Amino acid sequence: MNKFAEQVVAEVVSNKRVGAYHHMVLSVGDLANHAKPGNFVAISVGGAGSSMVLRRAFAIYRATGRESGVGYIELVVAPHGQGSTWLTSRSAGDGVDLVGPLGTAFGIPTQPVRALLVGGGYGSAPLFGLSEVLKSRGCRVDMVLGASSAMKIYAPLEGKRSVNSLTITTDDGSTGIPGKVSDVIPELIENNQIDIIYSCGPMGMLEAITKIAVEKDVMHQCAIEESMACGIGICMTCVLPIKGEDGVIRMLRSCIDGPVVNGENVIWDSNREIPEGTWGAL
Amino acid sequence: MNKFAEQVVAEVVSNKRVGAYHHMVLSVGDLANHAKPGNFVAISVGGAGSSMVLRRAFAIYRATGRESGVGYIELVVAPHGQGSTWLTSRSAGDGVDLVGPLGTAFGIPTQPVRALLVGGGYGSAPLFGLSEVLKSRGCRVDMVLGASSAMKIYAPLEGKRSVNSLTITTDDGSTGIPGKVSDVIPELIENNQIDIIYSCGPMGMLEAITKIAVEKDVMHQCAIEESMACGIGICMTCVLPIKGEDGVIRMLRSCIDGPVVNGENVIWDSNREIPEGTWGAL
Amino acid sequence: MSFDYSASLGNTRFENPIFTASGCASSGRELSQFFDIRQLGAIVTKSIMVKPRSGRATPRMAETPSGMLNSIGLQGPGVDIFLEKDIPWLLEQNVPTVVSIAGESVEDYAVLARKMRGISGLKALEVNISCPNVENRGQVFACNSTTARAAIEAVRRNIGGELPIIAKLTPDVTNIVEIAEEVVAAGADGLALINTVLGMVIDTNTMRPKLAGKTGGLSGPAIRPVAVRAIYQVHAALPHVSILGMGGVSNGRDALELILAGASAVSIGTANFGNPSATMLVKRELEELLISKGFSSLKEAVGYAHRAEQL
Amino acid sequence: MSFDYSASLGNTRFENPIFTASGCASSGRELSQFFDIRQLGAIVTKSIMVKPRSGRATPRMAETPSGMLNSIGLQGPGVDIFLEKDIPWLLEQNVPTVVSIAGESVEDYAVLARKMRGISGLKALEVNISCPNVENRGQVFACNSTTARAAIEAVRRNIGGELPIIAKLTPDVTNIVEIAEEVVAAGADGLALINTVLGMVIDTNTMRPKLAGKTGGLSGPAIRPVAVRAIYQVHAALPHVSILGMGGVSNGRDALELILAGASAVSIGTANFGNPSATMLVKRELEELLISKGFSSLKEAVGYAHRAEQL
């Protein structure tokens, strides 16, 4: 549970198309001061009279303007279905109902480490803010971004500047190295002597990265994306099987016990079933 | 059934607030050339992802621009519930899905007659176009408009010019004569030797006018407003008991056998029950 | 490769699977000004009764979130005038026609079936058994296996010939599969799923029920999940019985959902009110979707959501 | 003149009629960061079972037009941990608390009732009998008068004391009034109406049911007309039995609709997901509406839509 969460009417400050995405800046007041890399917000979509009853979750790309009462949150939104398309068609001046910051954040090491940040599609969004924090702590930051094609790589110039190296992969080879991010990660771990991987993207990608991280014995924190009805821990729809410190598997809520979790604790191969041995499984 | 009905995407040309109403101009193409006073249009409300599944009906206030392919329809819309509020918040350039012209039109006498036009609230909308047609046929046109208060009287300047006399009543006396339109009609019928009354407004008003018209033995055509699900004759929700030429009462569809009907044929006192003797009543 | 869009209900073949829903297209004339109604898989007429009926008092409808309530009360001219006026017009236009019948007693169903027997050119008979049974405390025929069975048996005995009988069921029952099995045993060739869901709206201004008839039938997108569930359950239990699916379909995706659940054809009701050309939109979009997913015929997709999990 | 906003269910008084719905507010902690949960008429806890449960596989939800499907499968810690952790916290916070219990057998209900007996400070017990009965082919208790009765009797026999029993019914039955009469005869002091409506969504991308559990419960504004109908019917038949109404309420107007139909208090479920402070909005708007309509108390408005027609 993110104790800073609050519900506000956020004003759209700007909305720009970037490749396949929309970069949106929202004025949210104090809330921005509590947002940490990995947190997300939940936004009402469709306006009055909408048939969409649930909020949509979006990772916080950046939070800026850290003075009292004034704060901005930036999002990277892919117009996909009805909800995100509604959001990306908002104009400057429009208000949206937003709850945030929500969920857990990426853990920041106290020592300077060598970090590899891996993003898939709009999953790159939270990584740039994270990269800034890591750099400010003296970490080396390498980044890999993957997507199906060039249009779906979100890597703004200022973002690129904040990393030591950026590797891009696309399924169709339209930019960067043809293939998946998981094809290039092992070598990057070796070459850059990576201590920790931070990742965000589709579940299949996170699973593949976990496998590599376990093999190479590096830490791995990932931001997962389960379908969420409430985002605040009251509906139990967003659960996934996670092994606790005590070795017991529990169906945890990815909205409040996540989205950032330790990759190796997730039971990835459950094939969406309740894994055997899960606490309370019948 | 209005054989000219078609479905178009109409572009909002302008949307201006006038008192309690919005005067809206829509570009509809050829459709405008077939619109007659008394006809209405049915508009989809709420946009994509809306929870409102039914169209809203609006009387055509005016239809202009009578050349091939270019035509405008004007509406007077009261922002009331969710549907009309959505419509009145459209801006110039927005498209709306519109079906029209629908329904029957006011019958125009072949001889020059003395007509009294009576409108309640936004019910005045179709009367100004009617007035123009009547004047062009050499008729004398007197008009009475009533509403609960001044803000709800819709009587634009150019409209006023098209009538020989305009009487206004308001329930609260905030403009014109305090009281109901039915208070002033009998005298107007006498003084102006009225041959026919045309009316449009709430059902209670139409019923009261019918009573007067029958007493004074003048013809009375009224545009009724029953709640409509389809507007095109396929749902049977908009029916009301009407006596036919053959003396038989039938539950007729006000969207295709109306909205303009002869007041004296409507069974007003049915109290929303099926009147005894109605054809097919069980 | 050409795509086979034809649909079958019982032994009858239709050019395409998109029908109007009973009571939502009157008798076809009104829609014909918006599109060529011969493009429909079939018109399903409003439910016709033995005698003329003026229906329920007004108000008869209330809009609800993503849906509407109606209580039309089966207003109509009665079967004789219907056969004299509406049917000849439809057959003359060459529109594939399914007649829907509704009775207040088992005898009514028998009478209506006999009247239909003589009409050549009809494609099927939809038997709306979601009407109150005046002989049984006004309980709806389809709410009870015994009365549901009796109504369908009466039709079966009296219809003769080849005309397929499609029994239309209400979802307002504890176990729709049980009723489905019963009417199939009684001779139904197919099932129409679903009729409206019983609901009510209270007008918070007058503080009374909004509809004159108090309760009404809920239709539209709001009930689509209920329709999909009913179709899926019944198709799982009776895979060889054709289903005419309906409930909240307004685009190709929605129609595909019902087809994947087990419907062989799809009726469009409430969507016609919001969009007079909804059927043509659904027809076009569904075909595109099926082709884009690699199906070579509509029939391949029927019940496709039931296939075994791939491992 | 001061307005009396208090509500009663059975013999228990609540400060106001706005509750959370079971399973839609977890155990209260999560909502407490958005508003002071002591402002609620009551928190109704998620349904608690005898043993810990991990619930159903994922995906567990699908959005639908003006609603959603869920198949959580009653994930929870089991009654012992619940009584050890959640209940003390709620009672400590001084939040009026209604515990919801759910069983898989009649014996489960008996066990749960005995466990609740000792807890002082609870306001009422909601008995969710819309769960599958493992002893009876997985049929839902509330789908059948005999099993519904047995579950409530088991609670009645074992609960002792004054704690009112509110039986929560499913609308997925042919005749909800019959089930209501049965559970009241078995000792229920009140009724909670309605649980979710059984539905299904098929994902047209994967072409399989979207939920891992295939079917799920439909909730939200889409089902409000069904809730209003059920409440109206049951209140008409059993005017002296209090009803806790729920189903698609997201604002004051919606809550008023259920109250006029016959609900003495109203639970808010799905609306919390879209708006964490939905309960407070409903509470404020409903009070304003009741006052503006000239009621001097909430109780005056309960069932007001049933009053005789004025002539």
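Brief remarks follow.
Going by the order they are written in, the chains are A, B, C and D; count residues from 1 in each one.
Basically, contacts are C-beta pairs under 8 Å (C-beta built on N, C-alpha and C of every residue); 3 or more make two chains touch, one makes a residue touch a chain.
Since this is a predicted model, take the numbers as computed values, not measurements.
At the far end from chain D, in terms of centres built from Cα atoms, lies B. Between B-C and A-C, more contacting C-beta pairs join the chains of B-C.
With centres defined as mean CA coordinates, chain D is found 34 Å away from chain C.
The geometric centre of chain B is 35 Å away from that of chain C, both derived from CA atoms.
Chain centres here are Cα means. That of chain A falls 46 Å from that of chain C. Note on chain placement: the centre of chain A and the centre of chain B lie 55 Å apart, centres being C-alpha means. Under the contact definition stated at the top, the residues of chain D that touch 2 or more other chains are 65-67, 220-221. Residues of chain B found to touch two or more other chains are 51-52.
In terms of which chains touch, the assembly is arranged so that all chains touch all other chains. Looking at the complex, you find that chain B touches chain D at residues 51.
Listed in rising order, the residues of chain D touching chain A in the complex are 23-26, 29-31, 33-34, 46, 51-61, 63, 65-68, 70, 72, 75-78, 212, 220-221, 250, 270-277. Of all residues in chain D, only 65-66, 221 touch chain B in the complex they form. The residues of chain B lying in touch with chain C in their complex are 1, 3, 5-7, 44, 51-55, 97, 99, 226-227, 229-230, 232-237, 239-240, 250-251, 256, 270, 272-274, 278-282.
By the touch rule above, chain B contacts chain A in their complex via residues 46, 48-52, 82-83, 85-86.
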